[in-house]
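Shared between the two complexes below is subunit A, which has subunit B as its partner in the first and subunit C in the second.
Right, the complex of A and B next:
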């Protein structure tokens, strides 16, 4: 069993996000998902203030593969698994009964439901297509594990993914500290421009996710 | 190139053997639910040069069974990365090439219009033969010189050879000067720096002014956005954005100057005022390498920051601060400027005044400043063509210069054509036909008159991938294979490599889809048919090449390269020649005053403007707001769309709707952005359909009420609505797409010097009513 430091996490630097949605599009293309399906990786834009004292900040978010994975906790058929090996939360659609408990339990709205009613969400590109990745070889066992497509196609180089111990090395101290004190979900760099910090905080807290 | 960033592996799918299990699913899950058939063929990689906005970011494609199943960027690519050892990516438009390649809404077969006026599917042989017959007939009846070449979107240089040299038409309209940023291109050329005034040397800059540009979203190659971010992070560069509307670039700037629209010329002069008054300019450069400084100094003296503040609505202290910051950082200070200040009636002087700042601080061809970018020395058509032929357009003058009917238009001294004047030229029988290749003139200005003009022409040939306003009205429709379906060679000047010239090349990743052909094959097919129809051997000049690849190899011969070499290996580009900064000669001259440029001096005199930098208020040429039309409109660009050709892609439409928080609506058009003040006065809320009206046109689109919009100023993304490529399938060929063709509001407004369409229009907006 891998230690938590080997679990894969996402990293997001709001200072480098240009709000272009390439991450959302490349995610859908890689997983063969229709344009109008709910995004697994979503870019939201948060506006405040009055012209010309106006600010608008884009935030790119996906399933955070939480250490406590509330979606897995509530799944009655154990279709959702928080993998010990690499920390990636996968769903086995053969076991999913489409009850949507996971959707209610997730603070970030990560689970989506297709025409077949079954849950699908980000699997860090362990495999391709909705429901894939369950049972796939651990990212940590692969010789040269592929990066999630959203990372490979991030124009601003704002998104990264990898084992927590590696990602933390790349992050600023402030981002690392924040990660430790924020349930260890996703590593987020502090936003330059103190006056707008609350906008990123707002977007990255469970009760406001996706606002 | 390194494939590692820190300790993290950043390789893409296809470089890894370990990805085989994951890759095996590729292609089998494209129908959406991931449960259907298993893929069978081998997965392979191929390259591409992205042409969605025509700026050649490198693409790496995953291909299985003749289908492109994934796309990503090329590491270290000159246009698609931040330079050496950095990731290559694709923007949303570039990613959409995957969908475009296999889009069932594309034109799939050649068509010709029958005697009853209906388009009928024909074979390529029939299409080529019919095209040749019609071209010969057109020449006999109207003269080839009245045939307008609108093919500047081309990925091969032989378009110009076919239409100008062989067919003999001097009439050519381009996307660049005529409808994109005429003043930017032409002032740069006349002032001595070419059109390099647009893109500075970001990587080495310490102070970047994005002047009327949302460079982080509306870029000419991703290296621009990446270069700005790198300059901020690595050089601690200051980013300043001058823009009436709030953008992502404004958001990431240290200073946003929310300027009154069309007053950029006053701001530029005020900055010069501060720099000259405080003696912060580069005296040596001004002394040794400029002309007309006294006239410039006098114009700047008349624009102290307080006067400019009253004109621009900006704070005088902010103007001083930015002027000082720019001058202090110079020569490592650059200005990024393109369409924003150019698409206005007074755009010429705005651009001249802005470009002049570079000469003043002496940043010309110095690290971090205005780079004199260079193209690689690929061989021209003349150099590689072994057969002699007669250039039939050599002694022909374009109608604009030839006939008295246009003597009131100063543009005739500068350009051979003006977009807005084409309908008048059609009425005068000076233009009677057009060949249009992906250009979308019906979205570029004076739209209503242009639609009538296209319908009145004797011959319309459309080479395109989609059923749009031109192809639907054409007599001949030649369906083109899109970029990943053909061999391409890309070159350019500006890039992430300020000291290298470069080329990028790619062989076709997949076969042409349906019954389409690459543009090279379409043109050589027409030429072969013309050879038979006319009996003139000049039309056989392309027969020396068996394929486009052979022609490209000849173009590359001067660099001792082949397409095969470019296309093999881990990347698809080559840095070919190194060049240093400050390579201009001792007698290099940067002109502040353009009185020595005869053509401009004549045009300026007729237009009533000075040859030196000068402040010309909005409304001098073009619209002023009034009681009846109290709002100023202009159209804008986003990261999702470029020109009029990306709008059919559902992924882009849906993400654009999401970006505007309106994806829940059954509407995928453009949005009108207006300030809450203006919206409240009119009882408009986000999501309402609104009617917008100018003196000469009107339309309907959906409103977005936002504080990012300046009070009194409304904007919308262009390229939508009437005359758009259809988005609902071939059967609904005449159905208009959602949204509004913004240029239906436009009439004849233009910059009098270059004829550049002036996209600032006085309008009013009201609730449209209904659903």
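Right, the complex of A and C next:
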């Protein structure tokens, strides 16, 4: 059983995101999902300020593989599992009854329900397709862990994924502190405005490492 | 996954449950309430039958035949409606699932006993067994064969089937159920104990429908402090209304049984209204933006259903109607004339029907107006 710091988490930096949707498209393509199916990874656009001083904040989001996994807590059949080995939350569609209770419990709106009424969501690309990934080899046991497609296809390095102890080293102090105070669900950099879009001051310094 | 951007908040999708689940929540509550009503009516009838000192204190009179008949009818209506409600509610619940047949293997598949869905499933199963036994014992058996009343419609329907079937009517379905009822009917004290267990299961059944919702911490409307209390009150109220609507149809509208249950129902509705008011007040005073949006949804988007359906038609008007009919019945001679009796009977029937309508709309609004706490966009 891996310690919590070995559990995989997502990192998102809105300052590096250009809102191109490459992440959500690559996710859909890799998992062979129809164009009109609900997205496992979404990109939304949010405005800050008033004309003419307007900045746009794109937000890319998917299942955050929460440490406390509220979806798994309410699942009657334990089809949803928070894996001890790498912390990735998977769903076994053979055990899912399609009650949609997890859809309500998730604070990020991650569960989607296809034509068969069963739940599917991001599995950090443990395997391809809805319901895949349950029982797959732990990312921490792979020699060269495969990065999720949203991460590898992101043009601005806005999305990262990896064990918490490594990801947190790349986060700013503010993002690391928010991660610790927000149930340890996702590492998100604060938006710094247009002036910082190209250069983000990361806190990968010795004093902040491992925060 | 469809999410809404465009502002400082990232709003999440939330319409996962709709009419069928609202119907299930309503029928689950009504089933529990109807069973409680049935058990209470059975207790009153048994107190009259035994002519005990407790009966004299609680009922004032133990020789009122109309009261005795109404108690029997209410007990039977309550039990049979509790079974019908949970059966229809169960079908509504299953029809909503992505894999309904898989859910039927719940004894093996439902392994997470920390989930209210698992707890609720077992409560439903145990409740259904107790309610079905109660219905069997109240509707069948040699002692019931000579009784009359509209609540005995299951006997009449099965008797009709017996007369149409190729088998002998002397050894038909009614005979079989009468025999099973006589052979399984427990002694009086044991029956009372079973009713107590059934009553506890009924209250758990009603409360669980709210616990299921209020276990979701990201929906302010499904507040753990208020919702179970509201559903419990509403479930008992709709259960009383369902059972007593049957009693009214059986001709028991102007009996002391109906009068007492009706006043009890009124008191419950008033407390329920206060609890709904406290929930709305909580939403208005909450710092959670989703709570404020929910309040707007209750009075704007779903204003017709909530204000018009729940607060006016489903709770306020029934109490006003009940008080009016009761005043006319108790303090005037309206009930002495045939048209007056029809008027009062119609008034009671309308009241109970409105309570049932309000009970369904309450669940509908609680589901449809639910808003998840949005995510704060970084930097905004």
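As a working rule, the second predicted complex is superposed on the first by the 190 of 211 C-alpha atoms of A that agree within 3 Å, B and C clash if a C-alpha of one lies under 4 Å from a C-alpha of the other, contacts with A are read in each partner's own complex, and residues count from 1 in each chain.
Note that contacts are C-beta pairs under 8 Å (C-beta built on N, C-alpha and C of every residue); 3 or more make two chains touch, one makes a residue touch a chain.
What you see is a predicted model; the values in this text were computed from it and never measured.
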| item | value |
| --- | --- |
| Fit or clash between subunit C and subunit B when superposed on subunit A | fit |
| Which superposed partner A:149 touches (first subunit B, second subunit C, both, neither) | first |
| Touching partner for A:90 - first (subunit B), second (subunit C), both, neither | neither |
| Touched partner set for A:164, first subunit B, second subunit C, both or neither | neither |
| Subunit B versus subunit C as contact partner of A:57, first or second or both or neither | both |
| Greater subunit A contact set [subunit C / subunit B] | B |
| Partner chain(s) touched by A:45 [first = subunit B, second = subunit C, both, neither] | both |
| Which superposed partner A:116 touches (first subunit B, second subunit C, both, neither) | both |
| Contacts of A:74 with subunit B and subunit C, given as first, second, both or neither | second |
| Smallest distance from any CA atom of subunit C to any CA atom of subunit B, in Å, after fitting | 7 |
| Overlap of subunit C and subunit B interfaces on subunit A (superposed complexes) | 39, 42, 45, 47, 57, 116 |
| Residue ranges of subunit C in contact with subunit A within the complex | 1-8, 10, 12-14, 16-17, 96-100, 102-103, 106, 109-112, 114-118, 121, 212, 215-219, 372-373, 375, 377-380 |
| Partner subunit B, residues of subunit A touching it in the complex | 15-16, 18-22, 24-26, 28-37, 39, 42-43, 45, 47, 49-52, 54-58, 114-116, 120, 125-132, 136-137, 142-147, 149, 151-157, 160, 162, 166-167, 169-170 |
| Touching residues (chain side subunit A, partner subunit C) in the complex | 14, 38-40, 42, 44-48, 57, 59, 61, 70, 73-78, 95-101, 103-105, 107-113, 116-119, 188-193 |
| Subunit B to subunit A touching residues, read off their complex | 6-13, 15-19, 21-23, 25-26, 28-35, 70-73, 82, 86-87, 89-92, 95-96, 98-99, 216-217, 222, 225-226, 229, 233, 246, 248, 251-252, 256, 258, 639-640, 650-655, 658-659, 661, 675, 706-711 |
